[in-house]
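Structures follow.
Two complexes are shown next, each including chain A; its partner changes from chain B in the first to chain C in the second.
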Partner chain A sequence: MTQFLSLLLNGISLGALYALIALGFVIIFKASEVVSFTHGSLLLLGAYSIARLSDSVGFFPAVVLGTLITAAAAFLIERVIINRLRGAPVISLAIVTIGIDIILLTELIRRIGSDILNVPHPWAGKSLTIGSVGISQNRAIATLVAAVLIIVFFVAFKYSSWGVAMRASAEDGETAALMGIRLGRVSALAWIIAGVLAAVAALFLVGAPTPGVSAAAYTVALRAFPAAILGGLDSTGGALVGGLLIGLAESFAAGYQDQILFLGRGFGDVVPYVVMIAVLLVRPSGLFGTKELTRV
Partner chain B sequence: MLSIDALHVTYGGAVQALRGVSMDIPDGKVVAVLGSNGAGKSTLLRAISGTLRLQRGRIESGSIRLGDTDLGSRDPAQTVRLGVVQVPEGRRIFGRLSVEENLRAGGMGNKDKSAKAAAQARVYDMFPVLRERKDQRGGLLSGGEQQMLAIGRALMASPKLLLLDEPSLGLAPRIIGQIGEVIAEINRQGTSVLLVEQNATMALGVADLAYVLDVGEVSLSGDAAELARTDEVQRLYLGHDTDEPHEQAAASGKTLSRWTP
Partner chain C sequence: MSEATAPAHGATRVGSPAQAGRASESRPRRSLLRPVLIAALLVVLLLAPFYVEEFWLRTGFAVFGAIVGAIGLNLLTGTTGQLSLAHAFFLAVGAISYVFVSGESGGIGVAQLSGLGLPPLIGMIVGVLLAGLAGLIFSPIAARLRGIYLGVASLGLVFIGQHVLNTWTSVTGGFNGRSAPNFSLFGFTFANDNPLLFIAGVPFREAERLWYLGLVLALASYVFARNLLRSRPGRALQTLRDSEVAASVMGVNVQRYKGRVFLVSSMYAGLSGVLYALSIGSVAPESFGLEVSIQYLAMIVLGGLGSVGGAALGALFVSALPLVFQRYADALPLVSSPGQGGINAGEAARFLYGAAIVLIIMFEPGGLAGLAARFRRRGRDPGARRPRSPVTSADASTDDSTTSVPSDRPAQGSTT
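Moving on to the complex of A and B:
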């Protein structure tokens, strides 16, 4: 029972971080009609900037700066490349983002080299015990921060002018433009928000129980893709549910791997994709996705 | 207010949609543009609103001026901020947004909060049904209500010139009559209107001036009431038989019969 609760708690905290990344993925898709594969390198950029800057400016300023750097990078990608290609086929745009991702990733890996950079979290090494269940303080704080960000995001998405503009342009870009909504601005803002969310997720993903910033952090973002896709690529609620589902599945698969040994070791690493495929077989447009993404 | 001079528009660099169209929309008037499918009516509105680029179209030559401002090179958001707002063909309301959110989306170009509140009050006064349904999803409204929402949404930007693209499309005759009254009322409250229509009876009923577009060119223009009396408009757009219309139809290859309410 204790093990179950512990895995549940860790699964939720991991899932909340996946949800942050997946949300960014979804709003970029909604605002720019791009399936953006740049998230892996943005995540790594966030983690790298925070780790490097911590040495010189201290932890908290480094978090702020690192987040700004990641948001700025996302903004630049949108302004310099994606916005200029507006109207290009979705497939070409997706491949362009893969290209950007590879370039950014290569540069980051070159800089990181074979080191494992450490982010000096003030809460590092501590853990929290709730009843008989333990969780690293890093993950506990991550869950809280992610929950706050997700709530703020959803409130803004529902009630703010940005939210209305965003949903209107996602539904019918041409008509939104006719209503005076600046599509370019909506899209740029979506990328900035996605950058911020990725940087925050990165901050916690490179803390306990994961060891430091290495190129491996990149693969974490890859697990947020199935989260976004199984939720339904154009659904923000779906990104949240998908993130949690993937986080839980991964946590349980890793925790109970002795019981599911017949599937082989390391099943936890592939389970996000297995869950995604299983969901898509039953619901091809994801749990909450719009059935018909293009209209004539 | 708006003057269009020798406007040429092509799509994909090849298809000529407008071939030297000139027209004037005077301040405070309702101007109707009639024409059949493919005459270039929607292209005209896209050129004014600045959405041609989204359809791979472009202005080859000619100009569109609002007072002293050239509209030809503006993007849609700028055009809205200059006071020229379009109600697109087929209503195109945001079906997944609530009625109130649809109106909010329409007011995005309006920075002034009090102007926005006044615009919303005006819309709700003009269309009480929208107030009753303000929390409902736009997609759940009936066709007529959706058209009212589409018009209301455009009014949220407090336009000086309202462009309407076939507001009667797919609506019952009684509702078309209501739409006609609404257009007249909007005009009475001081907004100029450019009304693009296939339903000539309604359009000529509310318009002061009218133009007939035919394959990208203006074939007739003038006072709306006078135009309604001309043979050609009677025959082509109002469906009244003159001499042997069916033989002429076969000869010219044009559709002569029209649905009228």
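Moving on to the complex of A and C:
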């Protein structure tokens, strides 16, 4: 029972982080029709810059700077490349982001090499016990921060003028533009927000129980793709649910590894994809995604 | 913008209308140049083993393998518009089936390997068939998913595949992989000896023999794909990309065609996997990661989505680049040999094709094939800026596609 609860708790915290990444993924898709395969390397960029900067400027300034760098990178990508391709086929846009991802990832991995960069979290190594259940303090803080960010995001999405503009342009870009909504600005902002969310997620993903920033962080980030997909690419709520589902599935699969040994060691790493494919089999547009209707 | 109409913009113009237009319009004028060029290329390729050193032959064989795979992915992604990142998985199925079927049982270290020890030709055929089967099994999922959902779902397949490869040790050799048996055809082995062979004083060793094997298979793949695209199913696939609704209205069975193109594409991948195994001499799970899928995607984007010849060009570029960089690391600026801290060959190649993907999608969605078509047109009638006949205008829409996109702009122009 203790193990179950602890896995549950860890799964939720991991899921909250996945949800952050997936949220960014989803709002980019809503705002600019782009399925951003750059997200993994953006996240790695955030983690890398935080790790490198915290040597020289200290931890908290490094977090702020790293987040800014990631957001700026996302903004640049949107302005320089994506914005110029508005109206291009979805597949071309996805392929462009793969191209950007190759460049960014190659450079980051070249810089990181085979090292594991340490991020000096002030809360490193400590853990929290609730009743009989333990969780690393890093993950506990991550859950809190993620929850706050997600709430702020949803409130802003619903009530702020940006949120309204964003939803309007996702609903019908042309009409929104005629109403005076600047689609370019909406999409740029979406990318910036996605960058920030990715950087924050990166900050916690490379903390305990993960050893630090290494090339493997990229694969972790990739597991947020299934989260976004299985929730439904155009549903922010779906990203949240998807993130939690994936986090829980991964946590349980890793925790009960011995019971499912016939599936092989390290099955926890692929369980997100298994869950995703299973869900897509039943609901091809994800759990909460809008079904695509075709008018002839 | 609805997804159903979206793909009609860029990628569409590259494939069918351009080719069809070019063929029907220029046949009277372009008389001998093209066949002569093709014949010259063939002669060069046929004679290469007599003159070229082993490195280039080995690179060439790797390129032939990549060409087969790229043509396969191009049928799926370029022609039919189904974004697939699972290509590495199908390559793996082909490669592993080959080493399993043709490999001998035995133990390497702690791992106990099993193999059937059948003739390599059977191994190759089984590899292709099993890869096709894997594609067929995945295709019901694929057929239900639209566009981008398929892209990410197929991403999952790569990771699941890698997990299986790492786990199923008795077949795959697990993490360390296992070696691939030499290919042989009716007693003639594609190895250094048995039989020893000299043709015109040139020793025909493994590299020379494999070169011809690769050449024949790549050519066959090329011709098959070209004919497929020009046939009725090929047209159906292109309609499928442009609009599934339109396709089904015209009587194309959408689900079945998607399934079939998945089958064909993954069979290509399977063959490419077998060739890969032969070219490297062994297979290991890490050779079939996501990176490989992305490389294949890079090939077809560079070459031009929907163009068979383009896919071959792209494959040449992407697969030969790292090898060539590696060989000339000393001579090239910026590129350094491994372990010297600079940019190593693989990284330099990745930078290059990453940038090439971005630039091509931004400025020439037709890829190398589109560029070639553009030059050919310009060379043919330099005076004519605007095409006149309806056939040529379909042809010219390749370079109009970049300008036709901004025609939507006024509505959005105020936004930027």
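One rule holds in what follows: the second predicted complex is superposed on the first by the 292 of 296 C-alpha atoms of A that agree within 3 Å, B and C clash if a C-alpha of one lies under 4 Å from a C-alpha of the other, contacts with A are read in each partner's own complex, and residues count from 1 in each chain.
The working rule: contacts are C-beta pairs under 8 Å (C-beta built on N, C-alpha and C of every residue); 3 or more make two chains touch, one makes a residue touch a chain.
The structure displayed is predicted, hence computed values, not measured ones.
In the superposition on chain A, A:Val164 makes contact with chain B only, while chain C stays out of contact range.
Applying the stated contact rule after C-alpha superposition, one finds that A:Arg110 touches chain C and leaves chain B untouched.
In the superposition on chain A, A:Met179 makes contact with chain B only, while chain C stays out of contact range.
Measured by the number of chain A residues touched, the leading partner among chain B and chain C is C. After overlaying the two complexes on the shared chain, residue contacts for A:Gly286 are found with chain C alone; chain B is out of touch. Once the two complexes are overlaid on the shared chain, A:Gly87 sits against chain B and chain C alike.
In the superposed model, A:Asp258 makes contact with neither chain B nor chain C.
The intersection of chain A residues touching chain B with those touching chain C, taken from the two complexes, comprises 87, 173-174, 177-178, 180-183.
Against chain C, the residues of chain A that register as touching in their complex are 33, 35, 81, 83-92, 94-96, 98-103, 106-107, 110, 173-174, 177-178, 180-185, 222, 225-226, 228-229, 233, 263-267, 269-270, 272-274, 276-277, 280-281, 284-286, 292, 294-296. The residues of chain C lying in touch with chain A in their complex are 1-4, 6-11, 77, 81, 83, 141, 144-149, 151-153, 155-157, 159-160, 162-164, 166-168, 244-245, 249, 290, 294, 297-298, 301, 343, 347, 350-351, 353-358, 361-362, 365, 405, 408, 411-412, 414-416. By the touch criterion stated above, chain B contacts chain A in their complex at residues 49, 51, 54, 75-77, 80-81, 85-86, 88, 92, 94-97, 101-102, 104-106, 108-110, 153-154, 157. Across the complex, chain B is touched by residues 87, 161, 164-165, 167-168, 171-183 of chain A.
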